[in-house]
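Shared between the two complexes below is subunit A, which pairs with subunit B and subunit C, respectively.
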Partner chain A sequence: MTEPLVSVRDLRIGATTDAGRKVEIIKGVNFDIAPGEIVALIGESGSGKTTIALSLMGHTRTGCRIDDGSIRLDQSDITTMSERDRMQVRGTEVSYVPQSAAAAFNPSKRIMDQVIEIAAIHDLMPRAEAEKKAVELFRALALPDADTLGQRYPHQVSGGQLQRLSAAMALIGDPKLVIFDEPTTALDVTTQIEVLRAFKSVMKKGGIAGVYVSHDLAVVAQIADRIIVLKGGEIQEVGTAEQILNAPQHAYTKQLLAAFEPVPHQPVAPTAQPARPKPILEVYDLSAGYGHMRNGVPAAKILKSVNFKIERGRNLGVIGESGSGKSTLARAVAGILPAYQGAVMVDGMEQKRDLKSRSKEELRRMQIVFQLADTALNPTHSIGTLLARPLTFYEGLRGKARDARVAELLDMVHLPAALRHRLPGELSGGQKQRVNLARALAANPELILCDEITSALDTVVAAAILELLKELQRELGLSYMFISHDLSTVEAICDDVLVMYKGEVVEALPAARMSTEATHPYSRLLISSVPRLDTGWLSGLEQDPELLAQFANR
Partner chain B sequence: MMADSSSTTTTIKGPSWSFNWVGRIGLGIILFWALVALVGPWFSPYPPGEIVDWDFFGPMTGDYWMGTDYLGRDIFSRILMGARYTVGIALAAVTLACTLGVILGMVAAVAGGWFDMILSRLLDAFNGIPSLLFGLVVVAAVGSSIPVLVLTLTAIYMPGAYRFARALAVNVNTMDFVTVARARGESTPYLILREIFPNILGPVLADLGLRFVFIVLVLSGLSFLGLGVQPPNADWGALVRENIEGLSLGAPAVIFPSIAIASLTISVNMFIDNLPTKIRDRSE
Partner chain C sequence: MPQSLQPWFLVIQRLGIALLTLVIVSFAVFFATELLPGDVAEILLGQAATPEAVAGLREAMGLNEPAISRFVGWLLGLAQGDLGNSYVNNMDVAELISGRLSNSLKLAGLTTLVSVPIALSLGIGAAMWRGSLFDRIVTVLTISVISVPEFMVATLAVLIFAVWLDWLPALSYGVDVSSLSAMLKAYAMPVIALSFVISAQMIRMTRAAVIETINTPYVEMALLKGASRKRMVLGHALPNALGPIANAVALSLSYLVGGVIIVETIFSYPGVAKLMVDAVSTRDLPLIQSCAMIFCVSYLSLITLADVIALLSNPRLR
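Showing the complex of A and B:
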């Protein structure tokens, strides 16, 4: 066995909180990376995966510091180096690809200047040579117009291209180790495939070792040789990608995998309400957009004549890439963004397009829950106040009756009643999303519009929220309109699925047979692009290049 | 499946009503000056306008605790009298300016559209008038009195407070929790008072402290031009200005009013920067 490229021994990283309390973030971590090997660090948010990855460059986020242990990278001992020496190592020995390429590029400088910056800083090669090398890297990363791409500004290329460009930036100095920090998390699935392929081929060709930080097991399965499972700053399990996926040893790994397996949705048996056969929501020819209105039509049309129907007690999923108009659809149905054309009917009654002209009762029946629980809860109100308001507003509840109902609502979403004295900032992401749900339930609605409510959560937490949604549906006979870009989530909770593309519904499918029954080329592309928990999936994936060129926006 | 609520056991120290000693000192000094403004004139050893010493810019003596001014008037008495003007007028004006400005700013942010546009452009235009010139016109038209001074200073500083509050409120207004409240069918007053106001309170209070200092300065500027507090009375700023030549003579006449101004403005800011976390850090 050859000498490992990187060896980390008993790494401990700590931080001091504002209150002066010391917390240990990384609690004695050991691992090695062989030359040319890609190791994935996987775990939920707060598990310390990014902290470990950054420490390989000798960097810690503000307030953190490396307390103990050693990190050796090739010949250099990162932990004992001076900051000046570390600067020499960064970019040439080890480099970094950040999560958000859009935020990592300087918008006022041309791409080429930024990509070859490392070569210029370390005086590695003359400019002309660096530019030639950059163009070669662009080609290797399958970027279009490689010769002229460098002359553009960052806003002139797409998100997927920018992410590959940030990889080019990292690779220009011929590093031995590249750190990828969730580089595809913010990308659409169809774009993600292309980026992953590019990363994989360029790493393999150069024989470069990599650390791939992600919370997504399926993505990691495509690119990593070995997987390190982290939780709470400790390593839970280490193994080859095959072994972790197929024969997990540790309970936490099993839990992660279980959260990933879509649990097929069992449609709720139609309860005894045959007397009300009307669909809970019908949408006809709905069109909405943003911008200045001219002749009753907005400048930017987002939704184009959307039609669909949700039967009582059934769930509709809406899938599509970012920019496909999913959230706009939810907003137009809720009346937050008044539609300029078309009709929304709830229980057979037509709703006014504008929020202000809808009655309190109409508003009560349909509630909306947003993706980001942090921004959807007023940070200055306690949980109790947040939940009490809809009760007072819709039902006029006060005093003891209201307090009792608040406790009941918290119990419904499996939160302890004592939580009602807390502020939203003192809750975890999953708890906040539960409070968000409880607030929607406080209105006693019949339909809940869920706008990407699990997208910002960790896999295990998201699975718990989905379980809760199903339970609430059984108990309260709710219907959901569930918007997501994550197909497995939709599969887990929905009966029917709408596929949206550029503001139009391209296909309506039964959720359970989504992959087999899809006929529209875009739905097929979207469904086939979702990574599977299988290490050979990406290399075995064959997609029609014409189809890709037609629909994938990159 | 309760993995996400495992952190509930760690108790987090929430915001409280108690505040630290810096804030307490600030509050103490503000209360002290407020008390002086209320009862001070009864304790002043001499009438503030009377020339009591044949010497001008006199030193500190047992008779004249803080020396005498350029005419030989007792500085101690004049500071006690000036507290009423400075503390009273400045506090009243800053409170009015900020209250009006913040309310209008929040309404403009929530209402948007033509209301926002017209109000913003009007107040921007108003901002273009030099403050002392505006004071000059107002005092020339209606004469100088304390209510006129308070309203003039309010008018001068309200557009700034409006701009500041509007900028903050526009950001809060786009947050999802405001959208949720709007989708619930809440009225504009509720949105403004319950959803937006608590989230902009911290910065607005900091702005209030700064604006208070500016008002003290402009008030003394108005007095210097003969538009502010009318002689023989004088606010602290005027006391500094009329005795400024005494500085080269080492007279205490200019030092003590300066200390009075400094102690008041610094303590207002000390107090505001250290307000109880319950008020200041509600958004944290």
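Showing the complex of A and C:
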């Protein structure tokens, strides 16, 4: 067997929290990477996958340090090196592709200067030669306008292009190992395919070894030779991609895979309400936009004549990629962004377009839950205060009655009542999202608008939230409008689906038949772009190039 | 509009806003001075202020006209460079001010030359070696300087360097400034005292602005490319911190023209600030108004300049 390129032995990384407490975040990790092999580190947030990947470059984020163990890269020992020697290794031996290329490119410098910076720092080659090599890499990564792309600033190219440019940036110094830190997580599915393909072909051609950090098993299955499953800073299971997907040994791996299984949604049997046949929400010709209003029409029109309705007790999914206007739709329906045209009817009654002119009762019936519980919950208020506020506002509850209702709400979302004294910062991501949901429930609503509420959560936690939504629906007879970019999430909870593209509804169909019966080309493209848990999916995937040119956001 | 003209449009817009602000400020200045208690005619006449004499003088000075028409006249005069005549000695205000203003600008200019490079390098250095001994010393020093009032710094400087050590002249004006060393000596103390006051703020703001950009993913990316600390801070963090730094510097420097009365008094330095305080005690309205306008103009131009730098340093707007 050939000598491994990287070997990590008994790696232990500790961190000091803001409160000064010391915790061990990586607890004795061992693994090897062969030359030219791509190894995936997979796990939920907090599993230590990024920390391990960064330690391969001798870098730890503020507050962390390598306590023990060794990392050998080729001939050198990263752990015992001086910082000056590590600088020599970074970019030449091992390089890094960041999670968000949009944030990792310096906004005030031209792309070319940043792509060839590694060559300049390490004095690898003259500038002209480096630029020539960069243009070749742009071509290899299937970037458009390879010759002139480098002259632009980062804000002048799309997210998918930036992500590929960041790979060019990593490859310019001919490294032996490239670290990919969730490089496609921030991308739309149709863009992700192109980026993954580009990465895979460049890596294979150059025989470069890679570490691919991700939380998404389906993405990892397309690119990795071997998968390391991490949880809580420890390795749970190691195996080839085939083994992990088809014959998982460890319980946690099985749980991860189970979270991927599509759970077809069983529509709730309509409760006997023959006297109220009206749909809970009807939307006619709704148009909204941003910017300066001229003749009653905003400068940037986002939403264009959207029509749909949600029957009582049914759930509507809204899917689409970034910029499709799905969040704007939720904001216009809720009245946060007043529509300039069209009507919103709740239970047959027309709502005022502007939130401010709606009555308390109208506000109560329709609640909205935002994507990021971190920003939606005031960090200085206790959970109890956060939940008490809508209770006082809508129902005038005070004192003991209000306390009892807060406890009841927490119980509904399966949180212990003692949590009411905590601040949002002390809760986990999943717990925060439950509080966020409980706050909407406090109003005793009939319809909840869920804007990407599971997108920021780990797969296992997100699955539990979906389970909770279903349970609440059974108990309280709620209806949901569920906005998501993730098709499987929508399939798991919705009865009907709207597919949005550039502010318009291109197709509306039942969720259960979405993958088989969608007819609009964009819906087909979107559905076929979702990665499957199959190592051969990407190489076997064929998409109509004309369709891609027309719809994909590259 | 073509893409390349966009930033210049923004710059012109910014200048337009500055001009509009100036007109509003002039309005405020004029009517605020109107509210000053006391009557010029009475003060001028002193012991001889019989009601008839006061009324006659008021009539002669045009003080009986409605305030708004005097404001318009004053503003039109300003626009043509005519600052009016002093009530007290009937001299041309422009002449009274010009000598003083050049004194003030000389002091401000020297202080700028000394303090800005020092403050910026200390601020950037502190950010670059954040948490080090150097950073901590700089932080402690700047906080101490911010908390010590300027008259304390100035008085101590006079006491130590002029009275005890006899190294430097206690007065800065009227001493021999024919040779370079004599000039350095004459200006050393006021410049040091003023530098202390304005540097502390600039150091702290620069440090904060640079640290904020150091914590961004693109600076971490530079580190992972193998960049040295110097390259990370000077090449990647600093260009993105230019806007806030320019604003901090402009705010500090604007203090040098109007806010230096204490330092001017302690060193008996005849600058504009002292002129204005004297004018207030004699109710010399044209002089007060002109001084106030000069302070506003200098403040506005510094702030506008900082905004323009911030605009042009941002490629998204360029």
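Methods note: the second predicted complex is superposed on the first by the 554 of 554 C-alpha atoms of A that agree within 3 Å, B and C clash if a C-alpha of one lies under 4 Å from a C-alpha of the other, contacts with A are read in each partner's own complex, and residues count from 1 in each chain.
Basically, a residue touches a chain if its C-beta (ideal position, glycine included) is under 8 Å from a C-beta of that chain, and two chains touch if they have at least 3 such contacts.
Fair warning: this is a prediction, and the values are worked out from it, not measured in the lab.
In the overlay built on the shared chain, the residue A:F260 is in contact with neither subunit B nor subunit C.
When the two complexes are overlaid on their common chain A, residue A:I118 makes contact with subunit C while staying clear of subunit B. In the superposed pair of complexes, A:K109 makes contact with subunit C only, with no contact to subunit B.
In the superposed model, B is the one of subunit B and subunit C that contacts more residues of subunit A. When the two complexes are overlaid on their common chain A, residue A:S100 makes contact with subunit C while staying clear of subunit B. In the overlay built on the shared chain, the residue A:T92 is in contact with subunit C alone; subunit B does not reach it. Looking at the shared chain after the overlay, A:L363 reaches subunit B, while subunit C stays out of its contact range. Shared contact residues of subunit A, touching subunit B in one structure and subunit C in the other, are absent.
Within the complex formed with subunit B, the residues of subunit A that make contact are 19, 255, 334-336, 355, 358, 360, 363, 367-368, 370, 372, 375-381, 389-390, 393-394, 414-416, 419, 422-423, 425-426, 428-431, 434, 439, 443, 457-458, 460-461, 463-464, 467-468.
Residues 216-228, 231, 236, 239-240, 313-316 of subunit C are the ones that touch subunit A when the two sit in their complex. Within the complex formed with subunit C, the subunit A residues making contact are 54, 57, 59, 87-92, 95-96, 98, 100, 103-109, 117-118, 121-122, 153, 155, 169. On the subunit B side of its complex with subunit A, the touching residues are 1-5, 7-8, 12-15, 175-177, 179-186, 194-195, 198-199, 282-284.
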